[in-house]
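Structures are listed in the sections that come next.
You will see two complexes here that share chain A, one where it goes with chain B and one where it goes with chain C.
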Partner chain A sequence: MSTFGADVERLTEPLRKTSKSFYVLFGIAAVFSAIALVAYLIQLRQGLAVTGLRGWGTQGGTPWGLYIGTFIWWVGIAHGGIAISAGVRLFGTEQFLPIARIAEILTIVALPAAATNILLDIGRPDVMYQMILNWPSTVQSSPLTWDMTAIFLYFSLSATYLAITLRRDVYYCRERGTLPEMLDPVYRLLLFRYHPSENEKTEQMVWWLALGVLLLVPLLSGGVVPWLFATMGMHPGWFGASHGPAMLAESLTNAIAVVIIVAGAFRYAYGWDDIIDDEVFRGLNTLLLVLALTTLWFVLQSLVTGSFPAAPAETTSLTNALVAGEFAVPFWLSVGGLLVAVGYLAAQSLQPSLFSVKASVAVGVIVSAAIFLKKVVFVVEGLLHPTREPLASMFADGSYWPTTVEVALTVGTLAGVILAFLAITKIVPIVELGHLDDLPDPDEGDLGGDGSTDDTAADTEGVSA
Partner chain B sequence: MTQMGMAIDLERCQGCRACMVACKTENDTPRGAFWMNVFRHEDGEFPDVEQGFTPNPCHHCSEPSCAEVCPTDARFKRDDDGIVLTDYDTCIGCRYCEVGCPYGVNYFQWRESEEGQYGFGVNDELVEDTHQQLMELDDDYEGGDRPWANPELDATQEPRDNKLGGGDHKVGTMGKCTFCVHRQDSGDEALEGTTACEEVCPTNVIFFGDMEDPESDPRQHINEKRDKNNWKMLEGSGNEPNIVYLGDKPDDNVRSMEDEYKDPEEAISAEENRSHNPAAYLTDGGVSE
Partner chain C sequence: MSLGLILVFGVLLAPLYLVLAGWIFGEPKDTETLAIGLAFMTAIILGPIVFSFVPISFRVIIP
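Then we have the complex of A and B:
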């Protein structure tokens, strides 16, 4: 019981103490977010002509590019939350509990980042509400409407999951006075009508919510997102049934890679080597190994079928473009990155002395960057090799290169996510307290039974500082 | 049931592209947008090379995939005559219709219409002089900042009761061939049932009319040439296009005779260079100073 008090102190430390490097990182993220804001104003003012996007066909360009590729990338990252939470709640992989909330927050910030990329891509953000007004009819046929619907559902369920698990933790921390007083109105709002007796119900609800979100994962990343492209029978690079499972594998690979990066960052920043211990990273590495291999296996599928002499002419020309043509550099960088990652992950699994958290984080960065390139190339390849013969040969060849505005906005969404993440770590406890040995009985008046941290010690802030 | 469409007689097409120019003047489409586009292509190896021309307007499909994918119903098929139109007021500019069309006929409004028109937005002296002269010559012309504008395009069309025609639509929305919908809805018998491209064609390649009506121009022409080859572009795509081509179908091995179409950015810089070089005006009817 007394360790509980000490641990709550320690786990809520980010809420009371802020290091210099936090401010530096916050500042850098804020600068890049501001640059993105300026870039967006330029784009709003001058139209999408400031991007490298153009029409396919006579304009020899691609109408979708970096923004849409980044959109899919963020959707993939958003699965990090449920990958960890479902493990903890549904499959009893308790060792991941310390990073469960970090992963859930990742979901909550990644989904708006995905939606932002759609917003950046459209020409008339001012009439975007038309998607809602016309929802009843367009949901019957438009994959883009399906996407919006699935993302909205996913966000609602994930946010509910996060909110109800937070209520319990915030209650305990507040009772112990380990939360910053300045933010008390936020906590009171979060704890609206909270009573400790709801915890049992909460446990049941999060189980069902985890199940619900888990079921949405194949619908979103293995379904409506790939269907945006896979249903387009006119574009040889996109059409096909395998994009669903392939993209699901890529997205989950990316999700775990980013969870490793973020978990590593928190462990490093707060010296939580014992809380987010090596076993967490070893477990994630194994998961990443399996997923990265699956992703590579799908790449192999498309290369073999696409380069076989009997493949349709359009598919052959697209495969050539990937293997040795205009997409060869990003394509092989992406595949190479995944191969390097698989190499390390397999080695550290066979030879445990090769394991280190730093190397795992580095591999996470490589994998996520590789998947990013793969997503962007996927979007662009279908549009630079559009339609079928004889029309395909009549159009001149196209090309695409993103402009500074596009790059600034893409970097900006990443900076915005980091900014939001940093802000959230200063508002709510980012490690679920449930991983500690049994929480005190909520009916007990005295929570800790430890005089130094009872309710009256309101100014813990001063003590620990 | 009415379904407007075209018969395009490739045996007559000389590739002069007058239809492309007529479409641009009629619809005020900006730089780089070709609602009517004529492919110039070749096939074979020297000395057995064949040249061909294939006009490619919107095919106004019976099952338009562009309308299926639209997330706001802005792209829709008009029940009355089967013309596929864009509602510029509800279009969010996601460009999914362009992605979801196999024919490559959608053109996004990348910049403000004023900046997208040939000669405008670069302070070209020639353009400004012409504008000035136009105001002096034509008493009805009130000047304004849209001297290129075809006033007929301001009309609204059924069933949305807003402007569905014209290529000078607002920035950030999608446009494409409307089968000159402003003509079809004009109430003017001389204009109804015609399109600018059909009208201007010097060799009568294009026959516009109701594909469901055996008496219509396109159907009659197809009937007249029934012993010839007639085919539809990407007929296997499931879109059920309503443009019927007469004559030989281009081979799958055709090559485009253009490396690329002029990029709008290049058009702008060409115009800018021209305004610094008055002698160049001579080549296009301007006056050298």
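Then we have the complex of A and C:
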């Protein structure tokens, strides 16, 4: 059974009930967030010297490392969310409807996490202000500015999408009295001049937003993010046209993996086995299988071309570093993780009895960790070895290892996202109610609450006043 | 015209143009709901821009 037959009270349960496991998870995330805050204060006081990041070339280090790798990882995750929801609207993949809102929220919390990692990497936070101030000139030629612009646009469209789709559900829940009263000012703002008759236009507007968001996905993870690297000819391993599609495949792989993890967590936490049913996970597993295979196919491309005797010297050197050199451990862990995932996903596809939600979630964790390693290695590898002249003769090879501060802040962004997610489950319904079969037509006024139609209309007008 | 301007205003912002065109010219037409949608989008765009000026306070604390 999907949401279509589910009871509204059950779907809005997270708004009213708080389990012990919620408090435990909230507490753990709060502790790691606090540790990250302390780490950030240390970094602010002492500068980037407390990180493993150093100037490229003369300082023998890399200016980009864990923070930028984590940034790309979060941007990738952000795609899965809204893309799944948009797919439901554009392509009728209603199988994923029960997780559409969860996925949308994932996007909304993942993008700020990505931006936070940029803020961590630039050191002084007021540099961000300079970046905005200089936008009119840097937009002419800076891939970083294109990147900021695209992420900002993606966030704006996604947040508008979420806000518009929430209006009907919040209206419905508010009339039934299932929303926390202390947040009423927030709901009144969200329901500004809401009237049930707007739903037809709202659906049309959301459809266009879904189209816009889906068009942005390849422009972001397959465009401006890889162009940060693919336009830089002086760094071995970075330059090239294939990074766009390769990174898009990696990002979408990661995104679906994390959607599986989050969907599994909600199913477990609220006993929603019948709402987020096995078919949702089977569908996501199939998607993940195709995407993980595509990612591995791109890895194969780079290994074959980089290992061939006629490859350019710096490409050969880099490939050797990945296969049997200093990056071999994270590289093969990453490839191994993807292979294990593909093995399980293919097996459960051929032999359905092998399927289980727990195994699917475990595979999601493995895939996401594998992509994380791959992203960090990709960022660092291109900066360590200045193999092209004249830089090769000027600078020695660099080195990089993340410090405790970097690790604490990276874990902190994850903890912050979990905190935000938990908080949002207490503010808005996390399953779309608008598609429930038994959802009364608001135009008819009977919403199952105490108020009559006239009361409802009057109250909404009050909201708008 | 630079590559960046063509890329940002010609390609990256194209989905936004499409969304706005769809909202304005698509059926059904409902001016009030359209205006609310535009107001939400504007607020969401302006919010992070205003918030991004908060880090400037760091410059006041440590010039």
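Note that in this section the second predicted complex is superposed on the first by the 432 of 465 C-alpha atoms of A that agree within 3 Å, B and C clash if a C-alpha of one lies under 4 Å from a C-alpha of the other, contacts with A are read in each partner's own complex, and residues count from 1 in each chain.
Throughout what follows, contacts are C-beta pairs under 8 Å (C-beta built on N, C-alpha and C of every residue); 3 or more make two chains touch, one makes a residue touch a chain.
Here the structure is a predicted model, which is why all the values come from computation and not from measurement.
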Clash or fit, chain B versus chain C on superposed chain A: fit
First (chain B), second (chain C), both or neither touched by A:I424: neither
Which of chain B and chain C A:R54 touches, first, second, both or neither: first
First, second, both or neither for A:T145, with chain B first and chain C second: both
Chain B versus chain C as contact partner of A:M232, first or second or both or neither: first
Superposed model, angle subtended at chain A by chain C and chain B (C-alpha, nearest 10 degrees): 80
Partner chain in contact with A:V340 - chain B first, chain C second, else both or neither: neither
Which superposed partner A:M128 touches (first chain B, second chain C, both, neither): both
Least C-alpha distance (whole Å) that remains between chain C and chain B when both complexes are overlaid: 9
Contact residues of chain A, present in both the chain B and the chain C interface: 124-125, 127-128, 138, 141-142, 145
Chain C residues within the chain A interface of the complex: 2-5, 7-8, 11-16, 18-19, 22-23, 26-30, 32-34, 36-37, 39-41, 44-45, 48-49, 52-53, 55-59, 62
Residue ranges of chain A in contact with chain C within the complex: 44, 119, 124-129, 132, 138-142, 145-146, 149-150, 152-153, 155-157, 159-160, 163-164, 192-193, 198, 200-202, 204-205, 207-209, 211-213, 215-216, 219, 223-224
Chain B partner contacts - residues on chain A that touch it in the complex: 46-49, 53-60, 63-64, 118, 121-125, 127-128, 130-131, 133-134, 137-138, 141-145, 148, 232-235, 313, 383, 386-391, 393-397
Residues of chain B defined as touching chain A within the complex: 32, 34, 37, 39, 41, 54, 56, 65, 68-74, 89-96, 98-112, 115, 170-174, 233-234, 237-238, 249-256, 258-261, 263-264
